[in-house]
Structure formats: structure tokens, C-alpha cells
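As C-alpha cells, here come the structures.
Both complexes below contain chain A, partnered by chain B and then by chain C.
Moving on, here comes the complex of A and B:
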């Protein structure tokens, strides 16, 4: 267990390091990204630009610039070029909204995916399965921004069933919090419901042909129990892996579009604005934050895996 | 007569057409008897065994004939009624003990699940029975092992767990579908001895499905030989080995490696391969591979006894190959 933890920690550090280098380099090679030029304004003279550049430390070597930025990240002093706000504070401020959106959507997508995937597998080839298959494909294919716009237009603007936008903190009013988040949750969950229910369906159909399911049937267990205790239980193992990856990714930036369309003041919206103004520090901050979540949830999944599948022991290779 | 299968036919609709996996199979078994069903892969022996418990029921499967047990026809029972029979009255163990246990549950839980599916007992009581069962099939340290997962057992020990589970509700019949095929030879002998012991001590009727005549000789009282979905010969153990009636059986016996004879350069084999069950011949299904084929073989063979048109006296002459039973290479009749 200790070996596992240590190895994981090293892996995490390596991944984060690699990501930071890549983001930094990409930012430095894309055209028109010189922050000094942007901050100094459209008609600035070269001296002004040079002064801004010196202020921001952009006249130093690229390695020094990178090291300075890393130092700022670790000391929590990273500030935006555009607004001079502290990046860490901004991310921290956006976190409750982003987590509210992502956790709610995750609960919704897992619940619906399990129900739909289960029904689809149990009724494979029949009407229920065909209908759910079509719905799943629609869910996977629909672009998030389009779905968000349609939901907003018809359910908020036309029918006025749901509020139009923005976020109400949970601590302020739990009812309003949920009410305001219903549409964003649906928007964010639809893709995953479609995808996960398909994966679960095919896992279940595979597991149904396993020898141990035949054994269970020969034992005289009811079909319902076989499906839940033996088929569903074993089919969930790969789903958990997917979930860990996707949930990390959604928290770490996958919700940008949803937050933008619904005007939810979360980390995603912050990232969206930083991209719009090509502001490196917030981008770096948000990317590292996202990568951290993805790596973290990957580790959580590995630990969870050992509980779900007793054949897997942490720190050992999986048996063949 | 505890279980009697009559004229059982099982066919599956596939993309290539209807596969008649089992056709017109009839046999019966008495209390305390061990009946071996032998045949090669694809001969329909496993399908026959699984159909007894309704495990081949599927939208694409068609099952006719009857399986009489305890005054009822199991093929006519609905799933709920069949569930009462499964595990409780007729238990089954399978070929591959590596995959027949669910990898994510402890073996104790899997035995407890079996007991509690049929009896109203609490978990603690069921777990105690599980420990006793594991002990009775020769698993050392059952109190500790009951908490282990299947992957923590060896193949032979897993098969013992399967047997322990099968015995949990003291069934009348045990169907063992190739129980030793996946095991080492030394472990095979242990498992067979265990089955033999349970058969003698509990009066358990055992239907033993196997392709291994060595296994048959070890424990069976009676043997049914299957070929291409049909039983071609049904005989007592002695009759099968010393007075076999069907040329296919001769071929099987002739292809055994024997220690009491000079070692042959090559083991004998039966030339050709079994017919496709998509479109089996109407006459004798073995005719195309049989050196003793004659005109009559194109007609459906008799249903009683062995399925061969040859005259018994001719059979005794024809099956003799250098003083031993076997199938001749060339047509010598």
C-alpha cells in the first residue's frame, strides 16, 4: 500500500510537470500571444511595450520565465496578466459552483446510465433496447452548446419552467441552488448518459455469457438476483474506471461550455474568459488544477478497483 | 428411476440455419447410479446435460421431448418452478472451475447464496453449513478458507468448492459436466474419488459428462455414447468395454493408449470428422466414417439399444483388430 502511494505520488508529480511544460511551450509558440503587446494597448510605442515586458518578467529567458511561474503557483502568488487578480483565489472562488455542477451532473449521469444500460441489456434487441439505443446515440451526438441553448430557449425563456441562468450558492438557498442547476446538470449529463449506458449494455451482454452466471442460474437463484448481483455487479467495474477519468476531466475543465452558456461563475467560465484574452497565468492555473483532478481521480479509481475486484491488489500487477 | 430423459431434441436457430445439437436422446438414471455420457466435442453431451436443468432455454432454442423427474416434466415447467429444482433437487458442476465461480465474491458467500436461495436460514447459519460443506469435500482449514476469494484457490480446490456448493441442499442428482477436464491428472483422480465417495455415501445419482474413457472406466456404472447429437450406444460399463456394439465405440476404444499392449507407432484414430449438425444425414450419422458401411446404413438406424444396422454376430467378427477391439482402416466386410 505504501509502495503504491509513493509510486502514485511520483507519477502524479511527473504528469503535472509534463503538462505544465507543454502548456507553457504552446503558449509561447502560438502567434499573437505576447501579453506585453496586449496589455500595452493597440497603439503603444515600443518603449511602453518594453517596459510592460520587463514588469512581467517576459524579457528573461524562457526557462527563467517558466521557473518563476512555477514558483508563483507553489507560493500562491500567480496573478493574471490581464486583470492582476490572484489566479488561485479566482479558482477557489469558482470551485463551489463548478463542483455543484459536476457532482450533480455525475450523480444524474451515473444513475440514468445504470438504469438505461441495465434495461437495454435485459431487453437486448427488443423495443426498449432499440429506443434507448437511439436516445443514447442522440445524447452522444448532440453538441453541448446547442442542447444548452435549446433547453434555455424552450424551458426557461418560452415555458418559463426554469430560471434562465446564473448560480445560487448552496449555502444561501439549497432549493434555489438545485432549481437553478437542473438545466445545467441535464446538459452536462446527457453525453455521459448516452455513452455510459452503451458501455454498460455491452459489458452486461458479455458478462451474461460468463460461466459463473450459468453457475448462478444452475444454483436456482432468481433471474433478477442473477442480473443484479452477478451481471450488473461485474459489469460495473469498467464503468467505474471511465467514471473516474471523466469526472476528473469534467471538474478540470470539461464544464467550460456548460458554465459559459448558463453563465455559472465557476472554474470553467474563468478558464473560458482566460482563453478569450490569451491570459497565460489563469490558463496555466486552471490547466494544472484540471490535471490535478484527473490524476487524483485516477488514483481514487485504482484504489476503488481493488475493492470492486478482489483479484487486483494495489502495488502488484494484475493477474492474467 | 429417478430421472428419465425421453426423445429429447434441442435445436438452435443460428445465422447459418437450424443446428440440431441434440436429437432423439433418451436415457434414464437410478438412485445411486453413476451414468457417464461420453462423446467428442460437439456431440451434444453438454447441451443434453444443460437442457435437463433448462439452462439452454433461449429465444433461439427449441426443445422437444421430455425430462421426467419426480413425476414432472422439467421441460414444461416455467422458470419459477424450475428454479425450485435447480440446485435443490438437481445440482450441477461445470468444466472450468476457474471461470465457474464469480471472481468478486468470497467462496463462502457463493455457497451461502445457494443455501439462502432455497432455505429460510440466516446468514450465520448458512455460513456454518458452508464451512461444514467445505470440510466434507476435503478443503483444509475450511473456517479460514470460507472467507477466501476463488482466485486464492487452485483449480482442484475450486472444483471442490463447486462440488461443496452443489451438495449444499442435499440434491438427488448431480450433473457433472466435464468436471475433471480442466484439471491436472493427479487432481482429476482426487475429484473422481470424491464424486465416487459421495455417490456411495449419499446415494447421489451422478450424470457424468466426459470425453475421457479413462474417467468413465474409473467410476461409471453405465455409459451412454453420444455421436453427432445422438446416443449411439447405451450399455453397462463392462459391456461397453468388453462387448461394444457400435462401430463408433469400437473406434473410441481402439484409439485408447493402452499400457497392456506393445506401444503402437501411432495411436489409432477415426478417419474423417463428424457431420455438420446444420444438415445431418438421415441415415446413420457415423456411416461416412465407418469402414463397415453397407446399403442399410442410409436408412435411419434403430432407436433401441445401439444405433447400428449390423448383425450382432458380424459385429463380434468385425470389431476384432489384431485380437483387440478397434475400428478397421479399410473396408473388410
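Moving on, here comes the complex of A and C:
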């Protein structure tokens, strides 16, 4: 177990290192993305560009630049080229909003996906199943930002049921916090409800054919109990894997569209604004932050999976 | 028996019993069986037809532009007037509100804030969006099949290296990677050797989207190849003296074709969604070129005065992606009823 965990940790570090190098290269090797020239402005004279370059340390070798940036990340002194704000502080400031959005959406999508997937599997082939299947497929076919825009237009602007958003901190007013987040939660959850309920349905249909379910039935356990205790429980293991991966991805940048449309001052919106000005340090910071979450949850899921399902031996590669 | 004396008869083909038409005992290939299953799934088939219809309608964009709308997708008509119910009205009223949808001939779906005909833009935008979806799916498929075959066949260090690269792409926040590449490449374009792609080319979003989804397809293919590689027919091929490339192409590849087809279909759907997201954030298709994503991005600025600019292209994305998803779903059931294929966003 310990060896497994240590190996995973090394793997995590290696992946994060590779990602940081790639992001750095994207912004430094691709032609015409010279940050000094961008910051100095379109009509800057060569001296100004040279001064900006020296200020930001961009005249040093690319390896030195990379090492400086990594050192800044670890010491928390990374600052934006465009606004000279501290990147770490900005991400930290955006974190409560992003986590509020993601955790709320995650609770919603898991609850709905389990209910829909369960109903779909129990009534497989019937009207309920067909309706839920179509709904699920619609859910995974809707562009998130478009759904957000449509909900905002019809429910907030036309019907005025919900506020035309923006985020209210939980500590300030819990009621308003939830009220302002209802539409973003729904928007972010829709895709995953569609997707997870489909996966749960097919898992449950598979498990229903297992021998132990027949055994349980032979023992005279009620059908309801079989479905919940034996079928649903065992079908949830792969869902938990998916959940770990997707939750990591959503916190690590997946919520950028939802945050942009609903104007929630989270990490995603911060990244979106940094992209507008092609500001490398915030993008590097947010990407590393996002990748860290994704890799972390990947690892947690692998370990948890081995824990939940004793059939998986830890020495082997974890299943995809 | 018809064979002449001395000729060796093909073994294993039983004679057709009397009274049965030879056709009735014809061998049924897996493809034929899949087709029979797919044919029974009317919903999936219907949505497949719908997708083809959407493609055809978008391909016919110039016909609509030349013969009905009499304008191009990027032509502005801010100061023009149009005849509605016998009255002349501005295409874009002085307060900046464009005309909405209606049966007034030229502007069937209304105009946007630049006085451009939304119907014409929608058709041309559909061409771009669908083209990007299909082309990026081709890029993904070619790369993923290559990686899957190499990893699964050679295993060892080739597998180790390629799999680690896949891990890195996998751990990258998809949208952030797409945006970072999209914005930087749009500035300077891309030069690889003699190949030059300018910053506003649709090939930039195609390459980005194509690359981002490679691991999602390569991993399951690799898994299948790893299992197939242990089968006797591969051993037989080796014994016959076939080289690695021939084994991969003519022995292993045909066995994963059904997986590839299903992935390809669903991948187009995902690509179209990613294209629209990137374009919405300004890192995909460059304006003034129309794609459904850029149309939403443009229209969203005026959602409160002209909601049709946001609703119409979004509805087309939903319809097209839904058609592909339902059809792909049916295709998977038909080709491999036991397969568990996962595509994610």
C-alpha cells in the first residue's frame, strides 16, 4: 500500500512538471507571443520593449525564466505581467466562489443521476426509460454556456424568478448565496446528470445479471432490497471513479464557462480574463492549480478504488 | 458433385439442402448483423438521417445566399431598409436593435447587430462548425489509432513513453489547454517546417480540438489491442512470418474498427461542443468568419434586445450534437451490444 502511494505521488509530480513545461513553452516558443512586446503596447519603441523585458526577466535564457517562474509558484510570489497582482492571492480569493459552484453542482448531479439512472434501469425498455434516455442525451448535447445564457434570459430577465447573477459569499448571506447559485448549479449539473445516469443505468443492468443477485433472490430477499442493497451499491463503484475525475476537472477549470456567463468571480473567470490579455503568470498559476486538482483526484480515486474493490491488486496498473 | 476428378474441393462448406434457396443460408457477416440491429432501432436511424439532412442543408448554403437572401454571410447591411408588410423598415433600427425572425423573405431569421442575414450566416456557420467537428475527429482518430496500435502491440518502453504523454494531456484542463493554444496560435499562426497555417485559419481550432481528445480514444483502443495481441490469430500471423506492421494493419486493426466507428461518431459531437466553447471564449474560429460558436458569442452581447441571435445558433448546435449522440448510441448498441465506451467533455 505504501509503495503504491509513493509511486503514485512520484507520478503526480512528474505529470505536473510536464504540464508546467508545456504551458511555459506554449507561451514562449510560439511566434509572436513575446510578452514584452504585448505589455509595452502596439506602438512601443524598442527601448521600452527592452526595459519591460529586463524588468520581467525575459531577457534571460528560457531555462532560467522557467526556473524563476517555478520558484515564484512555490514561494507564492508569482505576479501577473498585466496587473502586477499576486497570482496565488487571486486564485485563493476566487476559490470560495468556485468551490461553492462546484460542490453544489456536484451534489445536485450525483443525486439526480442516481435517481434517474435507477429509474431508467428498473424500467428498462419502458416509457420511463425511453424518456429519461432522451433527456439524458439532450443533457449531454447542450453547450454549457448556451444553456446558461438561455436560463439567464428566460428565468432571470423575462420571468424574473432568479437574480441576474453574480456571486454572494456564503459568509455574508447564506440565503442569497444559494439563491444566486441555483441557476449556475443547474447549468453545470445538466451535462453530468445526463452522462452519469446513462452509465449507472448500464452498470445496473449488468449487475442485475450477476450470480449473487440470483442468490439473493433465491434467499427470498424482497426485490426492492435487492435493487438497492445489491444492485445499486455495486453499480456505484465505477460512478465514484468517474465522479472523482470529473470533480477534479470541474474545479480545475471546467467551470470557466459557467463562471463567465453568470459572472461569478471564481478561479475560472480569473483565467478567462487572463486569457483575454494573454497574461502568462495567471494562466500558468490556474493551469497548475487545475492540473493539480485533476491529478490529485485521479490518485485519490485509484487508491479509493483499490480500497472499495478488493479484487484489484495494487501492484498492477489501475484500470482506466 | 460438380468438381471434376482430381480437383481438391474446398473443405468445410456443407452442401445446401434441397428446397432451400442458397441465399437463405448465406453467411452473415458481423457487419450485416449490426446493420440488422441498427435497422430495428428507428429512433437512432431517424437521428442519423437528421444529421445527414443538416449537413446537406448547410452544404446548400450558397444556393440560399444567392437565390433567396441575395447576400453573403459576412456582408453588412446596417443602413439598408427592408420591406415588411408594405412598410419600409431599417434592418438595424437606429437604436441598434436588428430585425427579428419573420417571413419577410430576405431575413428569414432576422439580422444581427451588423445587419448580416442570420439565416445565411447560420448555414455558412454550420458548414464551418460541422467541418471542424469532422476534421478534428479525423485527426483524433488517426492519432489515437496510431498510439493505440503502437502501445498495445509493442508494449514495453514505447507503451510507457506514449502512455505517459497521454497521461499529461489527460491531466490538462481541456478547456484551458484549448484556450491557451487557441489564443497564442491565433496571434502568430503556426509554422512547422514548410507547413504554414495562418492565425485565422480554421485548421488551428481543428488541430487543437483534434489533439486534446486523443487520450480519450487512444486508451480504450490500446486496451483492446493489448487483449487481442494475446489471441491465437496473432500467433498464427507471426508463425506465417508476417511483420509487425502487417499484423497491426491487417490483423489487429480490423478487430477494433467497430470501436473506432462509434468513437468517431460521438467524437464529432464532442468536437462541435468544444469548438463552440472555444469560439465563445474567443479562442476558436476567428471573426468575422461564422461558426455557430462565434454567432452565439456575437449574439450574446445583445441577448436582452435580440435574443434570437443567441437562441438560433445554439438550437442548431443542440440539434446537430443530439442527432450525432443518439445515432452514435444506436450504432454502439448495434455494433457491439456489450461495449462500454466512454467519451467525456
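The working rule: the second predicted complex is superposed on the first by the 303 of 320 C-alpha atoms of A that agree within 3 Å, B and C clash if a C-alpha of one lies under 4 Å from a C-alpha of the other, contacts with A are read in each partner's own complex, and residues count from 1 in each chain.
Assume a contact is a pair of C-beta atoms (placed from the backbone, for glycine too) under 8 Å apart; a residue touches a chain by one contact, two chains touch by 3 or more.
Just so it is clear, the model here is predicted, and its values are computed rather than measured.
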Superposition on chain A - do chain B and chain C clash or fit: fit
Touched chain A residues, chain B compared with chain C: C
First, second, both or neither for A:70, with chain B first and chain C second: neither
Touching partner for A:202 - first (chain B), second (chain C), both, neither: second
Which of chain B and chain C A:230 touches, first, second, both or neither: first
Contacts of A:216 with chain B and chain C, given as first, second, both or neither: first
Least C-alpha distance (whole Å) that remains between chain C and chain B when both complexes are overlaid: 10
Chain B-touching residues of chain A, taken from the complex the two chains share: 210-212, 214-223, 225, 229-230, 233-234, 237, 308-311, 319
Chain A partner contacts - residues on chain B that touch it in the complex: 50, 53, 55, 79, 83-88, 91-92, 94, 96, 99-104, 113-114, 117-118, 149, 151, 162, 165
Chain C residues within the chain A interface of the complex: 164, 167-168, 171-177, 179-181, 183-185, 187-191, 219-220, 223, 269, 273, 276-277, 280-283, 293, 296, 300, 303-304, 307, 310-311, 314, 317-318, 321-322, 325-326, 329, 340, 342, 344-345
Residues of chain A that touch chain C when the two form their complex: 11, 14-16, 18-19, 22-23, 26-27, 30-33, 134, 137-138, 140-146, 149-150, 152-153, 157, 191, 195, 199, 202, 246, 249, 252-254, 256-257, 260-261, 271-272, 275-276, 278, 283, 286-287, 290-291, 294-295, 298, 320
